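As written, the chains take the letters A, B, C and D, and residue 1 is the first residue of each chain.
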Amino acid sequence: MRALVYQAPGIKSWDNVPDPALQTDTDAIVRVDATTICGTDLHILKGDVPAVTAGRILGHEAVGTVQSVGGGVKNVRVGDKVLVSCITACGTCRYCRESSFGQCVGGGGWILGHKIDGTQAELVRVPFADTSTYPAPAGVSDEALLMLADILPTGYEVGVLNGKVRPGDVVAIVGAGPIGLSAILGAKLLSPSHVIAIDKADSRLEAAKGFGADIVVNNSREDALAIVRDLTGGLGADVSIEAVGVPATFELATTLIRPGGHVANIGVHGEAVTLHLEDLWIRNVTITMGLVDTYSTPTLLSLMCSGLLDAEKFITHHYTMDQMVRAYDTFGDAPRTGALKVVLTRE
Amino acid sequence: MRALVYQAPGIKSWDNVPDPALQTDTDAIVRVDATTICGTDLHILKGDVPAVTAGRILGHEAVGTVQSVGGGVKNVRVGDKVLVSCITACGTCRYCRESSFGQCVGGGGWILGHKIDGTQAELVRVPFADTSTYPAPAGVSDEALLMLADILPTGYEVGVLNGKVRPGDVVAIVGAGPIGLSAILGAKLLSPSHVIAIDKADSRLEAAKGFGADIVVNNSREDALAIVRDLTGGLGADVSIEAVGVPATFELATTLIRPGGHVANIGVHGEAVTLHLEDLWIRNVTITMGLVDTYSTPTLLSLMCSGLLDAEKFITHHYTMDQMVRAYDTFGDAPRTGALKVVLTRE
Amino acid sequence: MRALVYQAPGIKSWDNVPDPALQTDTDAIVRVDATTICGTDLHILKGDVPAVTAGRILGHEAVGTVQSVGGGVKNVRVGDKVLVSCITACGTCRYCRESSFGQCVGGGGWILGHKIDGTQAELVRVPFADTSTYPAPAGVSDEALLMLADILPTGYEVGVLNGKVRPGDVVAIVGAGPIGLSAILGAKLLSPSHVIAIDKADSRLEAAKGFGADIVVNNSREDALAIVRDLTGGLGADVSIEAVGVPATFELATTLIRPGGHVANIGVHGEAVTLHLEDLWIRNVTITMGLVDTYSTPTLLSLMCSGLLDAEKFITHHYTMDQMVRAYDTFGDAPRTGALKVVLTRE
Amino acid sequence: MRALVYQAPGIKSWDNVPDPALQTDTDAIVRVDATTICGTDLHILKGDVPAVTAGRILGHEAVGTVQSVGGGVKNVRVGDKVLVSCITACGTCRYCRESSFGQCVGGGGWILGHKIDGTQAELVRVPFADTSTYPAPAGVSDEALLMLADILPTGYEVGVLNGKVRPGDVVAIVGAGPIGLSAILGAKLLSPSHVIAIDKADSRLEAAKGFGADIVVNNSREDALAIVRDLTGGLGADVSIEAVGVPATFELATTLIRPGGHVANIGVHGEAVTLHLEDLWIRNVTITMGLVDTYSTPTLLSLMCSGLLDAEKFITHHYTMDQMVRAYDTFGDAPRTGALKVVLTRE
C-alpha cells in the first residue's frame, strides 16, 4: 500500500510499504476512506517527538471501512464504516475503567502514528478495535465524522470541560488555530455570555468569528488583559483556554483569569513555562492540562447527528491521498493558505 | 492597650496603642483571650508583604470575648466567646454568595493584620462580625478553637479538598511544618491508604509521624520520587500537596504526581516557579492554589466537638501576651525550638 | 396604598391597606413598578398553603424602585431600580453560607406573599435588602427582569441544574406550563440533543415549540414512554423534569428515565406520590426536588444582558395594577386565555 | 461437580451437576475456594426474583482459582487467585465506558446466580473474565477478600458515595443487617461526626456498635426522628441510608433527612413506596438508588491491604461447601443465630 512515512526530522515521503496485518485477536485492519493532518504531525516532523522513529507511518485520525478483524473482536464487523479515534483504549486497565482512555496503561493511549503505524495510509491496523473505534451513524459525512477523531473531543474535553465552562461565563481562548476554534465550538454548547478569541493573526481571528467568538483580540497590537478586565469589571475571565503551546501564551492565559477561575491548557508544549505563583497563590485558580480521553466522543457524535455541531466548517482543503505531500505543504503553511483542516480521501 | 506593632522590615515592638473603636455598625470589638503567630507573620516581618505598612498591628487568628458590637450586628452579642477567623466576609458580594469568602470583594478577605489592625493585641476590631466570627461551642478549649482561625481550614480546604483526596489515595505532602501537618490531619479524615510526608528536617518528620504520616522521607538524603514510585507501581501519588512555598518544593510536588492526579499548592510563594509543561501537558494533571475561604470552619468545628480532630497537638509553647516578642523568637527559630504553634493568652 | 389581599380560600380583593414601613435596619421599602402572578398564588387562593393567613398581601415577584432603606442596608440605595427576588436571604445562616438561600433559617427563604406581605401592591417591604435584591442592569426591560424573580431561576436550578442536563442529553419535560417552559429555556442553554415536551394541552405544546422543544407529545392521546424509548434505543431519557405537581406526572417522569438518569421535580405537590422502587431500586436513578435558591440569578441576568435568554416571550398579557383582579382571572383561566405570564405595571 | 441448585420457590438442593465449560473466548472457569450467601439469595428462594428459573445455580460472590481461560482472555491466567465480583462487565458498552458496570448493556451486570449459573458451586464460569475479576493481593485472606464481591462495594457506593457522606456529617443508617453494617464501615472512612444506626433488633444494634456506630436506636421502642432532631438542632441528618428494602424503612429514611440532605437507598424493594412530596418538594432533598457498579473495588482492596478496612468482622460462621444447606439455614435464621456473613470453603 501507499503511506506517509517519517524518515528523519524534516524528511517524509509518500511511499510503498507492506500492508498491515492483524497482530493480535483484538486488532482490526481498516481501509482508510478519509484522513487528515494534525498540528502534532508537524511537531513530529520537526523532530520534537523522539518516540517517533524512522519508518513510522504518521497520522492518528481516520474514517474508514473495516476490512478484517481478529477473532477476539466482538462488536466491529467487516464492512462497518467506523471512526478511528486518535486514542486507543485497552478497555481493562485502571485508567480505562475510569474513562481516562488517553492515559491507558494497557497498551493503548495515543499510539497511532506515534508508537505504531498510523492512519495516513491506505490501510491501518487498529488495536483494541472494540474500544477504539466508533460506528459511523447514518446521515453524517465522512468528513464531519473525521473531525471527531481528535480535534473536537480535544477542544471539548481538555479545553471546555476541564475548564468547567458554565452558562454565562466569560471565556478567553488564547490561540485561534484549529484547536482554539474547536474550543470555541465546544464552549458555545454551554452558552457562555462572551467568548473572546485572542491571536496574532487577523485571518485566524476572522475564522474565530465564524466559529462563534463574540470578541476578537489581536494581541500583536491590542492589550488582551485590558480588554478582558474592561469586560469583567476588572476581575478577569471565568475560564481561559490555552490553545497554542508556547510559554508566552500560557503565561497570558494565567494572567487573564479571575480569582476562582479555571485555566485549561490544551497546547502541546516543548519547553517549561513560568508560573507566577507569587501572584497566583492567593487567587484560587485551577490549572488543568491533558491529553484527550475521548470519553466525550459519543456525546459529540450525538450532537452532530442532531445538527448542533457543525464540524464541516473546519475543512478548508480537500485532496486525494496520493496528494499527501502537497496537503502537508498546504497545512504547514497555514498563515498563507488559510488552512484549518485538510481532508484526504481515497479518490 | 498593648499590641504587637510592625514598624519596618525586621522591626516590631510590643507597644502601647490606642484601643480600637467601632467604625461601622457591623463591627465588633473583641477582647483577645488567645492568639497565635503564623508563618505569614514572619514573611511580613521580612518585608515580603508590601501591603503591610508601618504601624500595623499584626495577627489574624484569635479566640476572644465580644466587648461591644455595632448596631447592625445581629447574631453576635456582647459577652459571647467567639473564634475570630483569619478571613473576614462581607456576606453579600459575588464571592461571598458562592462561599468563597477568602476572595471577598466587599471589603473582606484576608484583612486582619494585613490591611487593618490584627489580633496580636488585647483588643481587636472585627468587621462584618456576623459573618466573620463563629460562636465557641461548649467543651472546646480556647487553644484548640484557635487552631480553626487559620491553620486547620487552610490545610483542609487548600490542601485536602482542593487536592480531592479520596479514600484509598496515596497522598504526598511536601513540607512538614505546621501547614503540612495540618494537611496531614485533614487528609486522614478521608482515609488515604498512605500519607507520605517529605521534609529536609528529621524533627519535622518526627512530628509528621505523630500527626499520622504513614511514611516519612527526608529529601535531603532520600529520593522522594523513587520512594513514591516504588509505592505506586511506578505511577506516582494520587494527590501531592505543596506546603512550603519555594520553587523547588513546588517542582517536586508536580514531579511526584501520577497521570490524572491533583497537585494542591498551599505554600505562600514569593517568586515565580517553573512548571514543566513539556512533561506535564499530556498527563491530565490538575494544579490548584488559593487562600483559605473558611467555608469548612463549621465542619471542622463539628469534628472537633466529636473528638475527631485533635488540634491541641499543634501547640508546643504557651506564653502570656506580654511575652509576645519572646514568643516570636521561639516561633521564628522553629528548627531549634521545635515550635509548631505558640499560643499567647491574657494571663 | 392598594394591594391584592388574601381573605380566605377563594376570596381575594384589591384593597386599600396601610403603606408598609421599615421594621428592621436591613429592610428596604420598594415601590413596585412591575409584578406578576405565579401558579403558587393560585394554590394559595385554593387554600392549599395554610401558612398564608387572612389579610396577607400576595405576590413574590417584583421589579421596583427603592424608596427607603434601613440604616443597616449597605449596597442598595434610594432610587435604585432593583429586582425583588422570590427568595429572601439573611446572608449569614448555615444555608446562606452554602448558597442555599431558599433554605435560609435566619428569617428568609420564601417569605414574601407567604409569611409576610408580598409584591402585588404599590409598595413592598423587602427584608435583608442587600442579599435579597439585585440591581437592574442597563438595557434590560422591567418585564424581562421580572421573569428572573422566580420562574427563570426555578426552571434552571430546580429543573435543569438539579437534573444535571449536559450537552447531547435527551431531556423529557413533563408539563408545558410556565415552569415547564422555563425549564425548556434553561435546558437549551446546555445544548441537549433533544428536548421532549409532554402535556395534555395542544396549546401548551405549541408554546413549547416556540420555547425550543424539539419534540412535543400530547399524552392525552400519545404514548410518551414509547416515544421516549424509540428515540433512545429503548433506554429512556437522560433527564426528566416534572413541572406539574400531581402524582401522575411525577410517576410518568420516573418511568421515562434511563438507568443512571436524573429525575428533577419542580412541581409543587399537595399530596404524596407513589415511587416504584420495586422497579427503580436497581436502575441508579437520582431524584431531586426543591425550592429555588436563586444562586443562579446573577448568571441568568448576565445571559439576559448578552441576549442569550429571551424572557419576554413568557409575557402574554399586560395590565395595570388596578386591573389586578382581572389579571388573576386571565391567569387563572390559562387553558382558555393562553396566558403564560401576565405583567402588571403602575400605569 | 456439586452445586446449590434452585428448583422452585422454597426448594433448593446441593446437587451433582455437570461441570461448567468455556462458552466464549472471554470466559474463565474458576474453581471456587470460598463463597457466601447474600440476602438476595433468600429473596430468590422466596420466588421474588422471577428471572431466576428452575435449575439455576445460585450465588454471586466468590474467591477462587482460575482453572481455564478462553483464548480472548488477556490478563487473567490459569492458577491466578481472583475475586469473582457480583457484577460482570463487558468493558465496551456505553455504561461500562462510564464506569457504570452494574448497568452493563453488553451482556454483563448482575448475571451470576441470576441469569446464568452462579458461585455456590465447586466451579463457576465467569464471562468477560478480564473485566469481571480482580487479582487477589498478597496478605489478604480469602475470607476478607470475599467481602469485596458484593457487600462492601454495595454499602460504600450505593450508600456512602451516592449519599455523598462528608467529614463532619450526621449519617443515619436505617437497618443494621449486613448491608447496613457495610454502610457504617464505609461511612466511617469519611469521618462523619456521628453515625446513627436504627434497627428493631438489639442484637443487630449491638453489632452496629462494633462496626463503629456512635449512636444506636431501637425504633421498636425509641423515636428515631426525635433522636436525630435532638442531635441536629432540629434540622435532621445530612445523609440517611436505607438498608432494609420495605416501605416503612424508606419512609423513615426520608423523614430523618435535613433540608438539602441526601437519602441513599440500598434496599432491594419488592413493592412500591410512598414518597411524601407534599412535605419534601420544598426541602432540596436528593434521593438515590441503584445496583452496585463495583467501580470502587480497587479502592476498597487498597484500603484492605493498608489495614483500613477490617472485613473479617462480618464473618460469623464457617462451613465447608458440602454443608451448604446447613449454611443457608444458619444465614436464613439470622435473628436466632446472629449470622452476618457465613463463609463456605472447599475444606
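As a working rule, contacts are C-beta pairs under 8 Å (C-beta built on N, C-alpha and C of every residue); 3 or more make two chains touch, one makes a residue touch a chain.
Predicted model, so just to flag it, every value in this text is computed and none were measured.
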Least hop count linking subunit A to subunit C through chains in contact: 1
Interface with more contacting C-beta pairs, comparing B-C to A-B: A-B
Rounded Å distance, subunit A centre to subunit B centre (Cα mean): 41
Of all residues in subunit C, the ones touching two or more other chains: 98, 298
Residues of subunit D touching subunit A in the complex: 25-26, 71-72, 74-75, 91-92, 94, 96-99, 130-131, 295, 298
Partner subunit D, residues of subunit B touching it in the complex: 166-168, 189-191, 193-194, 214, 298-300, 302-303, 305-306, 308
List of subunit C residues in touch with subunit D within their complex: 95, 98, 100, 102-103, 105, 110, 235, 245, 250, 259-260, 265, 267-278, 280-291, 293
